[in-house]
Amino acid sequence: MILNSSLNSIAYSSTLPPDWPGGFWWHWLLFTVIIIVFALTLVMGFIWIERRGMGRMQARLGPNQAGPFGLLQPVADALKILLKEDIIPAKADRIVHWLAPVVAFAPALMIFAVVPFGDGAMLADLDIGILYVVAIASISAIGIFMAGWGSSNKYSMLGAMRGIASVVSYEIPVVLAIAGVVLVAGSMSLNQIVLAQDIPFILLQPLGFLLFFIGGCAEINRSPFDLMEADSELTAGFHTEYSGMKFAMFYLMEYAEAVAISAIIATLFLGGWRGPLLPPWLWFVLKVIFVFFIMVWTRTTLPRVRIDQLMALAWKFLFPLALINLIVTAIQILVWPDALPWILVPINLAIMALLILLWSKLFKLGWGRVEV
Amino acid sequence: MRDTRYARIMVLKTEPFILNIGPVHPSTHGVFRMRTTLDGEVVVDVEPVFGYLHRGIEKLAEERTYTGVIPLTDRLDYVASMSNNLAYCLAVEKLAGISVPERAEYLRVILAELQRIASHLIAVGAFLNDCGAFFTPFLYMFREREKIVDLFEMVSGQRLLYNYMRIGGFNQDVPDEFLPALDKLLAQMPRFIEEYERLLKENEILLARAKGVGILPKEVAINISASGPVLRASGVKWDIRKKDPYSIYDRFDFDIPTGEVGDCYDRYRVRVEEMRQSLRIINQARRQLPAGEVKSEVPHLVRPPAGEAYAHIEAPKGELGFHLVSDNSIAPYRCHIRAPSLLNLTALRDMAIGWKVADLIIIFGSIDIVMGEIDR
Amino acid sequence: MTVALSGKEIATKIEERFPGSVVKSSPDSLVVKSEFLLDVATFLKTTPDLDFDYLTAITAIDYYDRFEVVYQLTSIKHNHSLMVKTHCYGRDNLSLPSVVGLWRGADFQEREIYDLMGISFDGHPNMKRIVLWEGFEGHPLRKDYGT
Amino acid sequence: MKFERYGIGIAKGLRVTIRHLFRHPVTVQYPEQRLNISRRTRGNELIWDKVKCTGCATCAKSCPQGAIQIVTSTSMEENKYEVEQIEVDTGYCISCGLCVEACPFEALYMGYAYERAKYRRGEVVQANEQLLPSPQRQRSGYMYPKIADELPRQTLLIERITEEK
């Protein structure tokens, strides 16, 4: 409730004239605090949801000892991990090894700067908000590669290479999928995109949503694309050699990225903070949790793909579909700029079904064995 | 000048590097080391290194009484102790010419087949886990295995190292509550196997990962002495229960599931089908189970006549054989164990070369080895 | 039912082909001279009506005066089996021909015998210790080990 | 990867997992919630019946690990053969139960207990009076059907979890 009222006041204050004395700084301070609190709380919530939800799906209970329903488990984990010794391998590149978690973690928080929690309730209503998101989200990959390189461990290196490969390939379908949304909304500001969603864009851009969801999962390395830390292959991938607080940073980064991607998906496709009855921020949080739950669900069920299959999926499946999606959207905007959205919904769904059927028949992904 | 320098920069040259997978690694199923040479992600060479769990069971057996070896056999393939007990007892019975009462034979079949299901559940679960399905199939399989282990605990008193079979039968009859519980289990089991089938059998990602990966051709499989599901997945219809029936397996009606190409997916399928066939055998044995003694008259210290005997069974992992040599004393003169895991492991290098690291892991998982048996 | 072929019958067949190769034969096994082992093994594997394509197990037994190496052969095609033995005299620098070229299943088992019994196999591509570490002294499965 | 089946297999798997979300979990919260163990449990500690024991040392001979040590004496005046010292090194014991099976006088029992970790290594070796039965050291029904009948029934997973929520 406190958050709610403060958010409302922020929404109010953001409409104040820009020459309001100290307005900018108050705004900055409040939203920085809100973002950090929001992101970290939601990260803890996500860790809890993932562990409990997965536990129940796997016919067990999940952590339930710390606090009511085990809600304090992330806190307990954090405390434990803070007390652990920070080990740096003897042959590690110490500076890179030290810097990597920070480089990886910071961008995940920075993404929230442009995510609206309510109408205009955001740190910075950038006109190029979505470009900012795309640009910032890729920086984590550098941190991951630094971690892989700096630990001088072959597992880490393999994991980091996989991470870079997947981020580089998946950036393209993700950006193209976003482009479709931008065309429909007519703006790059996330707040404007939300305001444009009289019906959620998941209905207008079903293919775009699917592509963005798959691409987003791959980019933040959620299962089934969790190749860079592939537990059964590379022990822990890029963070094999990390312990203590640095490991905690990576752990947080993983979930903060999941929160960020869920938030972006909720904003772009599910109507962001819009919704009846409940306050906007609550709608937003509920949607974020819903998206994340689907991620947990798929993680529980699906096996991991192989690296060449991952690449092939990006380049042969998602990339052409994203291009076609973009072209189809552009044509729709050009030809029927005033078409009723409810007519476009079934058309777009039909196009999605057709394209997916076609691509399923046409392309074989992955090539398997290599002669050595 | 300039051209050559650029050429040197432009040529992408990769250098193979050596990666030690194991001995402590989440998916090496124990303390096993694969010394792999990798070219990027591609496996160029694999050399299995083991021996970290070597306890010298064959040597220890030479200093114990024939009965005292049974607890040792538990520790071979520790996820299928009943089968090990059975193989060893059959070898001693063959050596000493001891007959086993009818009821004990039936109970042996029931327990050995339950053990096969339990072992295959672990094998399949671990294989799917290696494929990256985050512990879900593994935990489901463990739940089913738990039901079987409950029964074993009921009859033998322990959950892992049963030490239940004795030379000439069993040390004690099964308790009264065993058979009702078994019936309940038999009624439930098919439904759960169906459910696991639904979970991942047709999953596109699993098909992409496992189909056509790690193919072991028929001729190679025979040549490297593979046995059990690994051999059958390659299309060889070879099951000792059918081909050389020991105990009373000739009385039951069951099929030998075989694969077509011998890839990881076939090995997975063969194991699941074998679980169904085992259930069939147990159902038949349960119906025919006679009353009576469970142990024939066997002296406290068995002293077989001098000679040697080789008895083999179709253990869950493959052909488990005991080669016993007796010198008419109370301890075996030599006890050689033909471990299926060890010989199936020979296939790893053939199957894995040319595939990626991720494939190496699932190929290794599909062989289904237990280190206790390899190192002995 | 896997038919255990009579060692005596097979022995006569082998004798026809390689005179003087069989030392002893009994209904359940036959003993061949170690220098003829590879020839006999090839014969057993390639003769169409024997066709022992599957090497079930190899084991070695220490009888103090000699080492007996036992080959359990099976034919998947005809479903019969045979126990072939060979003897190895002495305690040091023992060697036998390797059958890895015929049955690759012998790979690990021969290494194991080398490791634990101390019989090395000529022609094995990778003759080194398998369960014990390099540099381990002695061969533990020998009866005189540790005494 | 070829999506010939258009993700039907994936959907089937997802259905199985989501259904499990609404089922009872199988696990129990161990220290608070305890299941009854098998009546034939071969617990970690041997229980010795001083009255019935004749000191024949069959158990010691049958122990594959050599964990049992018995010293007997013959006191000449009464012409009585009695156990002076029985010592079990439970650190060596593998709980195989062969000693209990071998005992011809029903003087040795397996223990009906788990959680037998010790704080000191010396406590692992148990001798004489420490081996006698007590309320904490119940006898298990291993090889003794009569004792087994008195023990609580084993909790079975097949009976515990049958309903679907």
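For reference, chains read A, B, C and D in written order, and residue numbers begin at 1 within each chain.
Note that a contact is a pair of C-beta atoms (placed from the backbone, for glycine too) under 8 Å apart; a residue touches a chain by one contact, two chains touch by 3 or more.
Since this is a predicted model, take the numbers as computed values, not measurements.
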Chain with Cα centroid nearest the overall Cα mean is chain B
More C-beta pairs touching across which pair, B-D or A-D?
B-D
Can you work out the whole-Å distance between the CA centroids of chain B and chain D?
26
Rounded Å distance between chain A and chain C, as computed from the means of their C-alpha atoms
62
Mind checking the centre-to-centre distance between chain A and chain D? Centres are C-alpha means, answer in whole Å.
51
How far is the middle of chain A from the middle of chain B, if each middle is the mean of its Cα atoms, in Å?
43
Can you tell me which residues of chain B touch two or more of the remaining chains?
136, 140, 143, 199-200, 203, 205-206, 208
Among the residues of chain A, which ones contact at least 2 other chains?
57-60, 300-302, 305, 309, 365-366
Every touching chain pair, please?
A-B, A-D, B-C, B-D
Can you tell me which positions in chain B touch chain A when the two form their complex?
17, 19, 25-27, 39, 41-44, 128-136, 139-140, 143, 199-200, 203, 205-206, 208-209, 212-213, 353-359, 361
Residue ranges of chain D touching chain A (in the complex, touch as defined)
1-4, 6, 10, 13-14, 16-18, 20-21, 23, 25-27, 29
Hey, which residues of chain C end up touching chain B in the complex?
1-2, 53-57, 59, 61-62, 70, 72, 76, 79, 83, 103-109, 112, 116, 129-133, 140-141, 145
Report the residues of chain A in contact with chain D in the complex, numbered from low to high.
53, 55-61, 64, 297-298, 300-302, 305, 309, 312-313, 356-357, 359-361, 363-366
Flag every residue of chain A that touches chain B in the complex, lowest number first.
54, 57-60, 154-155, 158, 223-224, 226-227, 230-235, 299-309, 365-366, 368-372
